[in-house]
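Some notes on the structure that comes next.
In order of appearance the chains are A, B, C and D, and numbering begins at 1 in each one.
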Amino acid sequence: MSLLRAEGLAKEFGGVRAVEGLDFEIREGQVFSVIGPNGAGKTTLLNLLTGIYRPSAGRLWLAGRALAARAPHQFAAAGIGRTFQNLQIFFNMSALENVMAGRHLHERCGLLAALARTPRLARAERDCRRLARELLEFVGLAAYADAPADSLPYGALKRLEIARALAAEPRLLLLDEPAAGLNPSEIRGIDGLIQGLAKRGITVVLVEHNMKLVMGVSDHVLVLDYGRKLAEGAPEAVRGDPRVIEAYLGGAEH
Amino acid sequence: MRGLLALAAVVLLAPLALANNYHYEIAILVGLNAIVCVGLNLLIGYAGQVSLGHAGFFGIGAYGSAILAARYGWPPLASLAAATAAAALLAWVVGRPILRLRGHYLAMATLGLGIIISIVITTEDRYTGGPDGMSVPPLALAGFALSGERAWYWLVGALLVATVWLSLNLIDSPVGRALRALHGSEVAAEVAGIDSARHKLLAFVLSAAIAGLAGALTAHYAGFITPGKATFLHSIELVVMVVFGGMASTFGAVVGAAVLTALPQLLTVFKEYEMVVFGGVMMLTMIFMPTGLVPTLAMLARRRR
Amino acid sequence: MSGELAQFLLSGLTVGSIYALVALGFAIIYNASHVINFAQGEFVMIGGMATVSLLGAGLPLALAAALAVALAALIGLALARFAVQPARGASVVTLIIITIGAAILLRGLAALVWDKRIHALPAFSGDAPIAVAGATLAPQSLWVIGVTALIVCALWAFFNRTLNGKAILAVSHNRLAAQLMGISVRRVLLVSFALSAALGALAGILVAPITFTSWDVGVMLGLKGFAAAILGGMGSGPGAVLGGLVLGLLESLGAGYLSSAYKDAIAFIVMLAVLMLMPGGLLGARAAERV
Amino acid sequence: MNLRTWFAAALLAATAAVQAQAPIRIGSFLSVTGPAAFLGDPEQKTLELYVERINAAGGVLGRKLELIAYDSGGDAEKARTFAKRLIEQDRVDVIVGGSTTGETMAVVPLVEAAGMPFISLAGAVVIVEPVKKWVFKTPHTDRMACDKIFVDMKARGFSKAALISGSGGFDKSMRAQCLGVAKNHGIAIDADETYGAGDTDMTAQLTKIRNAPGVQAVLNAGFGQGPAIVTKNYKQLGIAQPLYQSHGVASKQFIQLAGDAAEGVRLPAAALLVAETLPDSDPQKKVVVDYKRAYEARFKQDVSTFGGHAYDGLMLAVEAMKKAGSADKARVRDALEQIRGYMGTAGVVNMSAQDHMGLDLTAFRMLEVRKGDWALVQ
């Protein structure tokens, strides 16, 4: 069944159309990849799907219901999580606290309880801490748990973002170039991580330049060019599409 | 927790070193400033939102309680509570629009807010006594007037320990993590489901309420209040205390308040050179310890181990 | 009554030009370093006080003024070199506190080297008021307004026609890219501090016949200049000038038509309202968040 | 006895005397920095100068004076802390200080509780009305200044005046007093404008005053650079009505700042400003001329009445100690209250249990600026 559906999605910046008339559907449990040359509108699309940008036109449905969220935190509450292309780590906390902060949606805690540290809160905190450690273990960062986030190497930070996003238990996880800047062995690790997510039943939207990674893990690929849909389909079908080859080879970048 | 116990020990043992009422006075002022700074540090150090207007909330607390008690005959405890609530209420009302601003624009807006409050206090002399100030009745707890430096020392000391305890609890709770998260990256915090506007407002209101409470206590302690404590110069002084001691460090805020409250008393030996020395100390400290006193010393201690 | 309105406008324009000059100093340093220099008002003070004392020593006004501007520029250089430069990489708030410390230090030094009295400079072209549209204007106001206009033009030329100026602009737009282009960020920082200190001092000399000068005149002027710079949009030169003029006019119209006791409050309330509607100031960059 | 043994004996005697007689401690807190620095600065200088001179002349009651002065920066809370320091830590015998009314009022509860004689140098009438047991003051009150000005206005046949004042404590207190007593003199205040601290242009306020119908004279309550700017703007706008300033600008500095615009401005002030032009028969002449010469010779600055207040405060304290024959606080206080006919820079002081200032209107002179100097209005 369809988890997320977009209809006529568009975003304009002062006359420049970054995304235009986009229709697509992401099915539950899929790894859904979005590819395209630089400036094709991929990150803009993710920003639209997380409420960071307000669409100029178009509508979104989540699990069959119109998405009423406005602010990004409401998108998060609706079950959409993400990572960022240029890292948005909380560098003022430890790795573990980063993940715990990611669990914000599942912690009911009033101001007074927080100030007085009620026994109930203390229990909830213990659970939260345990869960965060498990997630760090899942992404392979158990050793860094108590280290300040700003002391972690780049590759580890990429995984930390994934762990933080997972802490919110999203139904839909958007990964913005998780492999960018990583070496081949680290990329293999990310590959395995994404497959692990799929096994957990999490629907993944992957924006990525690394074709090998995309073709290896995706169930469905959406190709953007100049903010419009260029092609869509199974990885093999997209790979052979002459328009896609034209866009990539004809473009200046690759 | 170790830090909290150490603080409590300092508060308990300090009287051994306090020889006279003047020493107690300094200790009380340190405590009152430290309470404000611990609150302000939640906003500036943890949530990353600079306010250059907190003396305004301090002034509302001080004058609110003073006016209710002196002019309308409220029992001081009730006026204290009402004035604290008034500071919080004002912060809540203006906080939402103001906190949408970022960085220097937020600094300017809070500065403007503080200045407006201080102009109102200075101008409405029928209620506030104007620039020459007004007398404030003493604080009475259950019918007994709280008077004398020693009684006040214990009250302020207990309140300081309590404030630090509450602040430490808050920082290490989901709410505190949310505040720190939106300081680290507001967009990432939002995407993690943290309502950044609500949490900024929370920190703003909480710090304003604490400043208001400390203001009201200061007024009742001193027995006399002038608009000087509501001016932008005092706002800046408070921020300097927080940054000097160390942003995002509760004990840093306490140490910053202590050093910068006591320093001018020590620097009187420099006579006319006092300002030069004070400015120089401030600059050198921030140049060589840019993260503030306590975090820098803590880092040095870790390195030596 | 139109004479009344004209008087309020002229008064606002004079005061606004003073604020604008101070605000420009904030803008230049902000552009080069993203530092808000809270010692900017002290440069204004140094300009006025140094000129007064050099005049007292028997120097002609022009020479005294030139020396005072040079002195301020030197102090600006020293501030950048010995206080801001070593703390690069510290948080913005830390840098602000350093400049606040510098302001206290400079005020203290001024009180020691000079005195704590209030001084006046003679008006450059006498005190005979000039009648304009049923209102009057002091000749010194024309000096302030005229020099402000000249400085705006000169700054425009500096930033668009000279290498140093372009370097500052480049650094303000993208520090890393500028560095890669071989621009010395260090040098830009020094130039910008010296420039804005000189500008502040010049403002201090120009306004001293109107506002007088004293060791602590920088506090209020610095505050108003900062407000003007923010109102106009931090880092924007034209914004700083516009912000200054708007602030000056708000104050004089507020005092004239509403309440002189609340004129500063009125100006700040309008400022807050403007910031609510334009969170980047009147002419500030509309920064879109990049993720 | 040769010279050396004589010298040694003298030294020994002197040391013994010093050990036997600890100095009398004069405590002070003044706005040496901050917005009221132009009050605190001459006050501090005066105290230092005269403590030195008194000591050089052998001290008081055979004991030296020791001055312990702190800079309050005009901040009332700091003033209170320093007052506590003077009382508790430095254990001074008397306090002479408090440049502003706010500072003074903030320490009143302390000195009253501690039983510390305190001579304030601030202006407002609230300091001595109602009378506080341990608190005295040396300057004229703002109400007296209002009275003096309104008497002069009335004598010139005016009945409608306008008021413009600053937003500081001195300014606002005087404004309130003037509004209060105007009616007693048959003067109606038809316009009432305010300017802020650090304001640089008052033409907007003055334009409103100019356009208020029927105003015959304008009174500016304020001190610092504000009144000088008002005076310049006044001239610039070509307002013809006479301008009165307050005793808050009573120093040559005002004339230097306002320049030609100050011509014809009147203000009430102590005779200090016109010391040399007083007739030799004037009983105050000697005191004010001596103080003026001593101050100006030492500091190369024009004398101001503010420094004069500090002079009076110190001298009253010394006078009281001599009268009491000791530095005992209670006895000094009682002696202060009984001082009659003391001639100070502000005028003749006649203290009593009902009056802890002891000055009357005759102590005030109406001065006018003529040819760039102060002149007595006869």
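One rule holds for everything that comes next: a residue touches a chain if its C-beta (ideal position, glycine included) is under 8 Å from a C-beta of that chain, and two chains touch if they have at least 3 such contacts.
Source: prediction; values computed, not measured.
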Would you kindly say which chain has the C-alpha centre located farthest from the C-alpha centre of chain C?
A
So which chain ends up closest to the centre of the protein, judged by Cα positions averaged per chain?
B
Could you tell me the distance, in whole angstrom, between the mean C-alpha positions of chain C and chain D?
36
For chain A versus chain B, what separation do you get between their C-alpha means, in angstrom?
41
How many angstrom lie between the centres of chain B and chain C, each centre taken as the mean Cα position?
31
With chain centres taken as the means of their Cα atoms, state the distance from chain A to chain C in Å.
47
Can you list every residue of chain B that touches 2 or more other chains, as numbers and ranges?
119, 123, 187, 272, 274-275
Mind pulling the residue numbers of chain C that touch at least two other chains?
111, 219, 261, 264, 289, 291
Which parts of chain D, given as residue numbers and ranges, touch two or more other chains?
32-33, 167, 194, 196
Of chain C, residues touching chain B in the complex:
30, 36, 83, 86-87, 89-94, 97-98, 100-109, 111-112, 219, 223, 226-227, 230-231, 234, 261-262, 264-265, 268-269, 271-272, 275-276, 279-281, 289, 291
With touch defined as at the start, can you tell me which chain B residues reach chain A in the complex?
166, 169-170, 172-178, 180-181, 183-185, 187-197, 202, 206, 248
Over in the complex, which chain D residues touch chain C? Could you list them?
32-35, 37-38, 41, 167, 193-198, 200-201, 203-205, 207-208, 211, 224-225, 228-229, 232, 235-238, 253, 256-257, 259-261, 301
Contacts from chain A onto chain B in the complex sit at residues 50-52, 71-73, 75-77, 81-82, 84, 88-93, 97, 100-105, 107, 109, 111, 113-117, 121, 125, 128, 164-165, 167-168
Note: in the complex, chain C contacts chain D through residues 1, 4, 7-8, 10-12, 14-15, 18, 111, 115-120, 122, 127, 129, 135-138, 207, 210-212, 214-217, 219-221, 251-253, 255-256, 259-261, 263-264
